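Each of the next two complexes has subunit A plus one other chain: subunit B in the first, subunit C in the second.
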Partner chain A sequence: MADLTVDVVVIGGGATGAGVARDVAMRGLSVALVDRADLAQGTTARYHGLLHSGGRYVVSDPESARECAEENRIVTRIHANAVEQTGGLFVVTPDDSEEYADGFLAAAASAQVPAEEITVAQALAREPRLNPGIKRAFAVLDGTVDGWAMVRGAAESARAYGAHILPYHEVTAIHRDGDRVVGVTVRDVKAGADKRITCRFVMNAAGPWAGRVAALAGCEDVDVVPGRGIMIAMNHRLVNTVINRCIKPADGDILVPVHTVAIIGTTDVKAADPDKLPIPRAEVQQMLDAGEALVPGFRRARAVHAWAGARPLVKDTRVSASDTRHMSRGMSVLDHASRDGLAGMLTITGGKLTTYRLMAERIVDIMCEQMGEDRPCRTADEPVPAAEGAPTYTVTHRLADREKDRRDDQIICECELMSKSMFLDLLEEDPSATLDDLRRRLRLGMGPCQGGFCSTRAAGLMCAAGARSSVQATDELRGFLKHRWIGLWPILAGGQLRQAALDEWIARGTLDIDHAPGQTDPIEPYPVGTEIDERDRARARAVIGGQEVPA
Partner chain B sequence: MRDVIVVGGGLAGLVAALRLRRAGLHTTLVHMGRGGLQLGQGTIDVLGYRPSLVAHPLTELGEFCALEERRGGPTHPYNLLGVEPVRVGVGFLRELVGEAMAGDIETNVLLPTALGGLRPTTLYPASMAAGTVSLDPSDPGALHDGSRVVVVGIEQLKDFSCQLVAQNLATIELPGGGRLETRSASVSFPGRGTEADSNAVAIARALDRPERRRDFVAALGRLARRGETIAVPNVLGLTDETFTAIADGLGRPVFEIPLPPPGVAGMRLTDRLTDLARAYRVEMILGSRVIGAETGLGRIRSLRLGTAGHETDLEARYVLLAPGGFESGAIELDSYGRLHEPALGLPLAVPDAELLNDSWAGEQPIFRTGVATDCTMRVVEPATGEPVHENLYAAGGFLAGAQRWDEKSGEGIALASAVRAADSIIEQLKES
Partner chain C sequence: MSTTAAERGLQNDGQPSESFSVWNHLKKASPRLNNNPNSYEAQQLNRLSLDQCVKCTICETQCPVTRVTEMFAGPKFVGPQAERFRNGESVDHTLDYCSSCGICTLNCPQGVKIAELNSMARAVMKQGHMPLRDRLITQTSLEGRVLTPVAPLANWALQRKPLRVAVEKVIGVHRDAPMPVAQSQSIRGWLRHREGPMARRPGQPDRGPVVFFTGCAGTYFEVETSKKTIEVLEHLGYTVIVPRQGCCGLASQSNGLFDQARSSVVKLAGDLAKGGRHVPVVTSSGSCAGMVKHEAREIMGVEDRTVTDIGARMRETSEFLLALADAGELPTDFERIEMTIPYHAPCQLKGQGMGMPAIRLMELVPGITVVESGENCCGIAGTYGLKKEKYEVAQAVGRPLFDKFKESGAELGACDTETCRWQIRAGTGMDIVHPIHVIHAAYGLSDIHSPQV
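What follows is the complex of A and B.
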């Protein structure tokens, strides 16, 4: 018996999957979007935050550049609340040759990417911390985009068109009836139960995990190689404009101001497993040097957090080559009908977050063609509900909000100006949300103290609101701090190490968190990979299965 | 000429300066800002975990040190000091502050935390006495099986969830067996005007005022039921007198639970020690950072202070450094992964292990980094054990070898090493 019947199941709640689900729903088909964890917690939570102007690709890949320029305008319109129009600069540092810069404007013009050269003095007036030795500067229309808000926006829009949005539903089996896909089994991770969804079509948008998902349908050898990149957030906006190094795309060549921080990135190193993405010290050093080249004194600023994401590189000789007109640059589509003789399933990976909407449009076109449906794409036509009538994002908006309500509301997270009612309202909407889920939406614990002060308050509120027992809330707090540690220890130095010592004094010294009720080393309630978490995963399964927890 | 310059205004610096001054030495205390004492909870932790719970800190110190010996790496301060200086150091603090601190150096107690756990400590402010759980079978303690506690939160104070504390406390099996009976309640008490968001200091300051205090006592009186002990967050006044007035007004047991920084109880202790230092005419130079030293013939001749735009050289016969650890910026790791002691560039004792690792629940060896000393607390080269300067001593969180927050040993180490260092200097000066 099916628990749910839909036309289409979309696997993966990252940018790609959310875009596909919205597109399918807006074309009038019924759809379920499932992710093994929260929405936008995979690659889409581990990227650089740049809404490309196209400038990065004008020389290496003009077609990609043109797509970015076009989609930048659309995403800014339909996701205004998630986009900050920072603008961008391409600068030639004293270490760079001017050869690349010489061809930049002409290449931008032919790719239809707006760009103009400004004087070094103008660039320095705009960004006073920039390396004063820069030789040339070009202004472009780069922006920044909050991937969490964008995906949430797309998912809410899809929901408004009838989509079922199912985070924490892991696909454990894909069912086929002969050479057709007929449905999937998902594990409701939080409830600990299996559900069956019947469908006519499956869209595999599982990013770097897409190969594993395809294997569930019996499509073997979908070889997806994760290309790992690290990023480091510095404790404040060293720049207010996206700064690109005007060279052939390379490691560590972009500095992106996002919310309250500035993010330097990134690298590209083959990884064995998307669930195990280390943040090696050598790469941290490389990024800090790269930052120093753009902004002198960068190393003396404070690195607050680091993360690693994986680009899925599909190494498959059988990638459908016939349909390139349907493709967006950098994206790969596997048509399992032609590849494996299995109808009703497409795999889509790669591309950029900036072009997520276009990728979705292209692949849903293919799907409709295969389903024999003639339904045009409408995703560029209207903004998502959260962006309706909204201005684009500005970093100071929370300050303005708190100025208004500071007499009546408490500030729970001072670094990110998150109020008590913001937290309680979301918790009421979804009482099963973890502190980490709430963080992705509220930026709780993302500032310099990395949760040292606010997370204890937040755990207290979860208990006071009745969403958790006191013991659960205490474990939730431990889990949150443990998670933050993953992105902290590789970059701890200077002021942030000093902060970490203070945080340790609070958590272990004053609060003696290791001996408070609950588990000393908390199990991850909803683990999704990594070496450390494999142990937790086994323990969590045991708990969910009602067995005794091994010590 | 000045006998000693003490650097650091935390527990170690203040106590060392008082010890030196009481021996009649001309003492100058220099600090950049008040120390960690006022960020902490105002208790004196001697040794709480080794890593099992410690009931008798002095008797169990030997076993702790034996384990530390086996660990290797920088020597733990307690291994250098031994038991006696701990007894002397804690005893000296008692002598200084009198009845403000309760407890027994021989036996730890457990105190409720703001997470609703029970945490070991040795001495505690009088305002926490009604919340103690005994670790000594012959002493029933203030709270025991069946004790009824109402945990009262303050709506305007976000650092204390009375529900979390009350519920968690009730789940704990007490060391002597049985459980507490708890419930939670809250009162509205803005620190200023009708503000929704008050920190502990603002509320404490309000409670120092008699008319606000009356309102608060009345509200608590209405809430509490017969036979209940009242637990409140650590906000009962910036002076010790406020607690006495509230306890008298309530006429029933009441105690405070420590909060994350700023710690009101820690502020009270800092104030008390600072007032004493003034009374004993310790010369105080505040808001100054030590940025270097002039040395010669194996001694420090003077310290260089950077004070608001100009530099001063301060001469002394002896220097006692108590500037704290990583948390106060006294030890630094730069972005290249190099450890420094920024004030004087002293050599550091560094654990021979991966300094930081991926285990949140496990230990981070980096925090054992610090300066090495001999057993008189004179700073030595970690490699050779030779004195770095004949007249340079160190105490407190600056010392290598401890994981203070895990061991719950911060104040014990600070007191023992500060008094030991001060006494070494006193002896040296007597001899010369």
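What follows is the complex of A and C.
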């Protein structure tokens, strides 16, 4: 017996899944969006925050560039609260040849991407930290977008159109009736119960996990290779404009000011398992070196956090050639009807966050065609509820807000200026939210102290608000700090090392967190863990005299 | 603000229009990134230093302003914390309640330039809407030039309540704010009219030249301090050169008028350099010394060789004399003065990292015991405590200091900088002098019991 009956189940709460759910809901079909973890917990949020102007692709892929330019405009409008209009520069560093730059403006013009050459002096006046040796500079309309806020906005919009948004609901089975998909079983991870959802169609938007999901429906050999990329957040905005290196797309070619940090990225290395993504120190160094080319002194600036994300790269010979007309660039669609003889399921992977809405539009068009529904896409027409009447985001917002309320409302996370009521309001809305869930929405613990000061205050509030017992709150605290450490250890040096030492003294020395009640190693609601890179492990083993290095 | 297709230069057919300029669009969208008053150099020194903050909060425990008012969010908050949110724009107006005393920077164990960050942010905040009051009170040498010729009238007027109320209403200088006493003769007038340099000590060989930096207050208001400094130096065998000199720009700097302050300090360094190369520069204006020594560079990014050179040569009078004493070159045949002197080392002096040389110097005089205030700041912080909206804050900051001075029962207190002396005089009713008065008297050049201040 079904716990829920909908037209469409979307598996995967990243940008693609949320975009599809919103699109489906706005076309008037009923939809449930499920994810084994929080919304935008996977690939979507593990990126550098760039809202492409298209400039990056004008030479390599003009069609993609044109799509980005158009979608940038739409996303800025429908997700104003999540987008900062920083502008962008493409700069030719002293190490780069000018060959690529010579063709840049012409390529931009033909791809209809607004771009303009400015003088080096103008670029340096706007961004004083830029390498003063840059040879040329081009201005473009890059922006930045908070992946969590964007996905949350799309999901809330879908909900407003009747969608069921079900994070922490892991698909354990996809049910078929002969050659048709008829429903899924999901496990409510937090409540520990199974639910059956009946549906006419399943959209597999599980990104690098899409192969595993497809296999649940008996569609074998969907070969999704995770392409691992690391990113590093620097402690403050070393630049206020997106800085692109004006070369063919390469590792570490972009520095993005997002919220209070500047993010350098990224790398691209094949990974075996999207749940186990190492952050090798060699790549950290590679990113810092790349940053140095753009901003002198970058190597010695303070890095606060590193993370790895997995791009889903589909290697499948059975992608139908006829599908490409429907596809957004960089996106792959597997039609399981033609591929596996299973009707009612599409797998969609790849693409770019900037073009998430367009991808959703294209694939939902295909879905509607297969379902025999004639319903036009409306997602570009109206802003999501959070962006209704909102100005675009600026980094000064929180400072201005705290200026107004700081005397009446305690500041819990000082680094990211999160107030007590911001935290308690969201906790009241969803008492089951973990500290990490709240972090993704509030930036709790994402600043310089990386939770060293604020996490204990937050855990205390969870307890005081009655959302957790003291033991559970301690578990929350341990889990949160453990997750922060995943992104800390690869970059521990300089300022952040000093901070980490102080944080550790507070947690271990003052609070004796190791002996506080609760589980010393709390159960994870979803797979978490960055494998230590093999070379780093070997190096550490050598340093400590051949002893085994714990994971 | 979401851009329309037209703003982005796209016509109805999606083609970029001829007239659209991406660059102009970006400039319009981020006006804060244009015309930033903070130089590249200052950003490197200060903004980068925020990366050293570990959130320990030591600065907040030491901040004299946070202690007395909620109006100021505290040095950590408005400094390294808020700076991450500023994007070249200052939206947090309470940062103006920072008095720029620099106690936070002094106490930061990690080397964050907290007060300097605040000064930079304030300059951004006030850009384009600088109050008339802040433009006026920063004209320190002009004030001296105007008031000196009419000193008795000026002093009479400054004590007239109705006039002060009017000034408060119109200009915004608090009616009770401490005011200097105008002198009928500036230090330049005195130098012109005196019969000649003070005679050297008997048997004292020539020690060569020193340049004396008078500072605006030392030129027009605290003239006695300047006179006594010159006389002590001459007594010790120095030839004191007092080049014609302007203002250091400190008041402009602390009020966010960086362009004015930059040109003032560069010009001043040029003026003082005319006194001779490699000649020591001595000053009894401790806070002005700080401007030349480190604030010009650290807050405003002034990279000027003459400023650096003069700053490196500059010594506060007590610092200069104590260095002589430590080298065994200061005659210590002082007259005995039985006196306990409460002493306050100004915040802006402490920030120069010279310790408190005045204490040991004064205690070289037999009979003198110096009691250090133990307070971070007297509250005035240059022009801060004059402003009507900050007067009460400044008084509250100074109160523990005033109480200690008054409780000491001493007739005389000492403090190295001018505005602090005005503040403590007003707050205690005591005679407050520069430590050079004590040394001047101990050499028998004047009577400590009738200090002319």
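Please note the rule applied: the second predicted complex is superposed on the first by the 524 of 551 C-alpha atoms of A that agree within 3 Å, B and C clash if a C-alpha of one lies under 4 Å from a C-alpha of the other, contacts with A are read in each partner's own complex, and residues count from 1 in each chain.
FYI, a contact is a pair of C-beta atoms (placed from the backbone, for glycine too) under 8 Å apart; a residue touches a chain by one contact, two chains touch by 3 or more.
Keep in mind the model is a prediction, meaning the values are calculated, not measured.
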| item | value |
| --- | --- |
| First (subunit B), second (subunit C), both or neither touched by A:Thr520 | first |
| First, second, both or neither for A:Phe453, with subunit B first and subunit C second | both |
| Partner chain in contact with A:Thr260 - subunit B first, subunit C second, else both or neither | second |
| Partner chain(s) touched by A:Leu497 [first = subunit B, second = subunit C, both, neither] | first |
| Partner chain(s) touched by A:Leu288 [first = subunit B, second = subunit C, both, neither] | first |
| Contacts of A:Lys315 with subunit B and subunit C, given as first, second, both or neither | neither |
| Partner chain in contact with A:Asn240 - subunit B first, subunit C second, else both or neither | second |
| Partner chain(s) touched by A:Arg407 [first = subunit B, second = subunit C, both, neither] | both |
| Which superposed partner A:Lys248 touches (first subunit B, second subunit C, both, neither) | neither |
| Set of subunit A residues, in rising order, touched by both subunit B and subunit C | 406-407, 453, 494, 498, 502 |
| Subunit A partner contacts - residues on subunit C that touch it in the complex | 1-3, 5, 8-10, 14-16, 20-23, 25-27, 29-30, 33-34, 40, 43-44, 47-48, 50-56, 70, 73, 76-77, 81-89, 91-94, 110 |
| Contact footprint of subunit C on subunit A as seen in their complex | 70, 73, 76-77, 80, 85-87, 109, 112, 114-116, 118, 122, 125-129, 139-141, 235-237, 240-241, 260-261, 297, 301-302, 391-392, 394-396, 398-400, 402-403, 406-407, 414-415, 417, 447-449, 452-453, 494-495, 498-499, 502 |
| Residues of subunit B defined as touching subunit A within the complex | 36, 39-41, 49, 53, 113-119, 156, 158-168, 171-172, 194-197, 258-261, 263, 325-329, 332-337, 356-361, 364, 366-367, 404-406, 408, 410 |
| Subunit A to subunit B touching residues, read off their complex | 281, 285, 288, 299-300, 303, 406-412, 420, 453, 456-457, 459-461, 463-464, 469-471, 473-474, 477-478, 481-482, 485-486, 489-490, 492-494, 497-498, 500-502, 504-506, 508-517, 520-521, 532 |
